[in-house]
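What follows is one structure encoded as structure tokens, with my remarks underneath.
By letter and in written order, the chains are A, B and C; residue numbering begins at 1 in each of them.
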Amino acid sequence: MSTQTSTPALVPFERAIERYDPVLGLEVHVELSTATKMFCGCATAFGAEPNTQVCPVCLGLPGALPVVNAKAVESAIRIGLALNCEIAEWCRFARKNYFYPDMPKNFQTSQYDEPIAFDGYVDLDVEGETFRIEVERAHMEEDTGKSLHVGGATGRIHGADHSLLDYNRAGIPLIEIVTRTIEVPAEKAPAVARAYVQHLRDLMVALDVSDARMDQGSLRADVNLSLKPKGSATLGTRSETKNVNSFRSVERAVRFEVSRHAGVLDAGQSILQETRNFHEADGSTSPGRPKSDADDYRYFPEPDLAPVSPSREWVEELRGTLPEPPAERRKRLQSEWGFSDLDMRDTVGAGALELVVATVAAGATPAAAKKWWLGELARRANEAGVGLDELGVTPEQVAGVQALIDEGRVNDKLARQVLEGVLAGEGSPEEVVTARGLEVVSDDGALGAAVDAAIAANPDVAQKIRDGKVQAAGALIGAVMKEMRGQADAGRVRELILEKLA
Amino acid sequence: MSDPVRLKAAEIAEALGDGSLTSVDVTQAHLDRIADVDDRLGAFLHVDPEGALATAADVDARRAAGETLPTLAGVPVAVKDLINTVGQPTTAGSRILEGWVPPYDATVVTRLRAAGLPILGKTNLDEFAMGSSNEHSAYKPARNPWDTERIPGGSSGGSAAAVAGYEAPLALGTDTGGSIRQPGAMTGIVGVKPTYGGVSRYGVIAMASSLDQVGPMARSVLDAALLHEVLAGHDPRDSTSLDAPVPSVVDAARRGDVTGLRVGVVKELGGEGFQPGVQQRFDETVELLAQAGAEVVEVSCPSFEHGIAAYYLVMPSEVSSNLARFDAMRYGLRVTPDGPPASAEQVMAASRDAGFGDEVKRRIILGTYALSSGYYDAYYGSAQKVRTLVARDFAAAFEQVDVLVSPTTPTTAWRLGEKSDDPLAMYLEDVATIPANLAGVPGLSLPVGLASDTGLPVGVQVLAPALADDRLYNVGAALERLVDAPVLADIDAGAAR
Amino acid sequence: MSSAISREDVAHLASLARISLSEDELDRLGAELPAILDHVAAVQEAASADVPAMSHPVPIDNVFRDDVVRPGLTPDEALAGAPASEEQRFLVPQILGED
């Protein structure tokens, strides 16, 4: 057990950073969206039945041998280039030796002192300020299997009677991206950490190398943090916080660890070098595994795999396939769309950037696209508790609804009903309009009858209009709309009323 | 027709071709021989009469139907029990894999099946191929047909005993530090370690990945070449498999002409430490080569003296990692310690203690040490540098000569138990064979007669540059004719001419 | 470098290698390993700093596979050798370690 007799109180973040500066390091694992695993031809589909995507290689059966997935190497190089890294002229895989039941060979095939990409950086815009984060390395490795802990109350590892192992995930390619130490003004540290992880997510999506979904574990962040007293050059002992599975949690984990470290240090105790587990519910961390001399991974070059020496021609060819860097792209889009800084920040913040891009590509104006995604659709997504991209409506359909409005075929109210039909799976906007009969009526025959009826039913109002009180027409328009269940062309109705009562 | 089990593979192939024998006859004859003598030899851990006869019958039927078949179709073969076979257990000679039946074939087994060779069964070995005597088999020792009180060598001791004892005309071995060539020498047969990467390792239970290689064992150089040709060739499932044409080993084995060939005698592999009877036969062999028109020179390879030291660091290091997967979680022996419910870690540790033998544990611990933090550079790192030096010595030697020769082993076969208590003494037996594994070059051992001091078989080793395996067979075939070594009359019965 | 290796060192190595060696085995390996290490330590003198290390015996590189799915094992085949299984998964004793 720990020699610490009590858990010191947390020091509020704002007070902690008056006296300490956080030193951050971020390790991000990206699961590549290749069709097959890193070293074998097994499929990588998420959510498959247990042990249906396994073979002798990824089960670590006796005699099995790995063969490197070319696409994974290509993705690793593209990621490295997008992170402004050098690409190794020659590098090897290495075995990281340790025993764990979710790791079939009891070594992880990884890279050690020869990563495929190294010495890079990314520039982040955070609250109008630019921060450069230095990337130490990006290397290739393989994922582990998944354990299900059975028995005990919580389904967690402690108290479980036994565990059940599914190796579908074992061997899926991972790229681990490691920063150098990050030292930014203390109050900015949480936001910078979050922005960095968000930036990586955007980058992976733009590169089309990973789903990069923190909720599904295809992008995982470990937050390493230590504190040093202000003005001191001495680094403190660091903790490594794992299980941080949303952008917001990255920020919260930094804040919590700063508070916790400050509390421990203020109490005159020392920080243990350990892994910490982040808890989504209350934003706290709890002790994981202590680091010790026992962590002797006995790395050595993987004899079963040939070294990787990407030709400079290949590297340059891949450089040519890189997408526009996210920050530059955002600047370009903002200017093309004529968005204000606030518009742009709202759009990005709502996770609607790519959706707006696609909606504009399908024919809508940027303003209309933003109005839909940040308005009606954001409200519905919020109600349903899902992401905008999971709502069940495509950018093409949104653009289609907007086109109906622009053509005057539906009004705003009808448009929302069209959308409802689309969301209910009734087909394309055009099909919903037809099926539900939602198109506005601007045919004078049908409208004229309704207008006559409204005039007849409201003689007082009609008289006011005859007397020149044109604004009273509203009441009659309302009556016509009600009669026609909202499907009348309101502009034409007004014209007809004024003509008839001139 | 004489007893089919006395025929060489090439002779069987010919008899099958001209219809004087059927594969079922030949296969049954070998199965009968195994049933008769294997309790004395201990060469097999598993025999598969049904599977072997089914293949034999299929080959006979196809031949009768007029189909053109590969040369060795119908010629039975034994497979070292380190090589995965669907439908037959594969134990690696270890308790930890007792009863395990692989769900996939090794590539070399796929090739044997495609070429129509009936697989007689799985042969005995030192546990996970770790040993030079076959005494480290978890099941039983294999014995030398020349003298069943003696070891057949190892680790492919079962394959060697089976071929030498007329239980199989052909066998597959694996060679990490001499495990084909040394038992070949000890039992008076031909054994070849091909160029590293020449034969696929896929489905062969790894001992030391950067050293292991599968190769043929047979009673003639031509037989070995015929089997070599079946096994060799690029395999996309093995990243270290060479994508290069297979050297024309069969042609070379039929040629056997050393006129004008430059032959280097390795100065460091002979003399002191070598049994006089072994050295004498070797010297005679060199003399025969010179008489046959070869140009014989002495060559120095100074780094070879560090070969054993480098090998006993690189090999156990890779062993410690390769054998980590035997952990009782997914397959193999699971031992649950007594007492309160055990954790996965405790079950792993107890199973590995119970399932591995002493030699395996010794090497795992040694390898764990050599790789551990603080010792890596001094041990594993330095050993890898010695590999470079050994490879440079070979490169320099092959500038001067076409092939190198040495005795395969310092001694003839020793008695069971004679060296069991001294692991280091056992390790020193590998002095001549190890350099080829360190550098990846091919080596062949062939019998050159009996030692005058012990009356037991002596082997001579021929080494060639990487991918020049054909040179081994050319020299081997020439020597085979020149030496005309005596063959075994029968088990424990000594030589017949 | 001295090859001193104590019984405690062997015990530590055994725990890294996940083998629960008996007391007898610890004694024996503690006695055997120093002799073996004395012998293999010769590599330290043989290898000078400027010699490159050799991890692969033949110089090949860039051996890749196309990213194409190939059939693997069925769950039954995968689990056939398992000491225990449940719900199409490998059943293992309780795992100690991080949550």
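Details
Convention: a residue touches a chain if its C-beta (ideal position, glycine included) is under 8 Å from a C-beta of that chain, and two chains touch if they have at least 3 such contacts.
Just so you know, these numbers come straight off a predicted model, no measurement behind them.
Across the assembly, the chain pair joined by the most C-beta contact pairs is B-C.
Chain centres defined as mean CA positions place C nearest to the mean of all protein CA atoms. Chain A and chain C have Cα centroids separated by 39 Å.
The distance from the centre of chain A to the centre of chain B, each centre being the mean of the chain's C-alpha atoms, comes to 56 Å.
Centre-to-centre, using mean CA coordinates, chain B is 24 Å away from chain C. For chain A, the set of residues that touch two or more other chains comprises 56, 59, 67-68, 99, 101, 106, 161, 163, 165, 296, 298, 300, 303, 305-306.
Residues of chain C in contact with at least two other chains: 15-16, 18, 55-56, 60, 63, 65, 73, 78, 90, 92-96. Counting only residues that touch two or more partner chains, chain B has 100, 103-104, 210, 236, 239-240, 320, 324, 327, 329-331, 341, 344-345, 348, 368, 372. Across the interface of their complex, chain A is touched by residues 15-16, 18, 55-56, 60-70, 72-75, 78-79, 86-99 of chain C.
Against chain C, the residues of chain A that register as touching in their complex are 34-36, 40-43, 49-56, 58-59, 67-73, 90, 92, 99-101, 106, 147-151, 156-158, 160-167, 242, 275, 277, 288-289, 294, 296, 298, 300-301, 303, 305-310.
Here chain C touches chain B in the complex through residues 1, 5, 9-10, 13-22, 25, 28-29, 32-33, 35-37, 39-44, 46-48, 51-58, 60, 63, 65, 73, 77-78, 80-84, 90, 92-96, going by the rule given at the top.
Residue ranges of chain A in contact with chain B, taken from their complex: 56, 59-68, 95, 97, 99, 101, 104-107, 161, 163, 165, 296, 298-300, 303-306. The residues of chain B lying in touch with chain A in their complex are 83-84, 90, 92, 97, 100, 102-104, 106, 201-206, 208-210, 236-240, 317-318, 320-321, 324-327, 329-331, 341, 344-345, 348, 368, 371-373, 376, 380.
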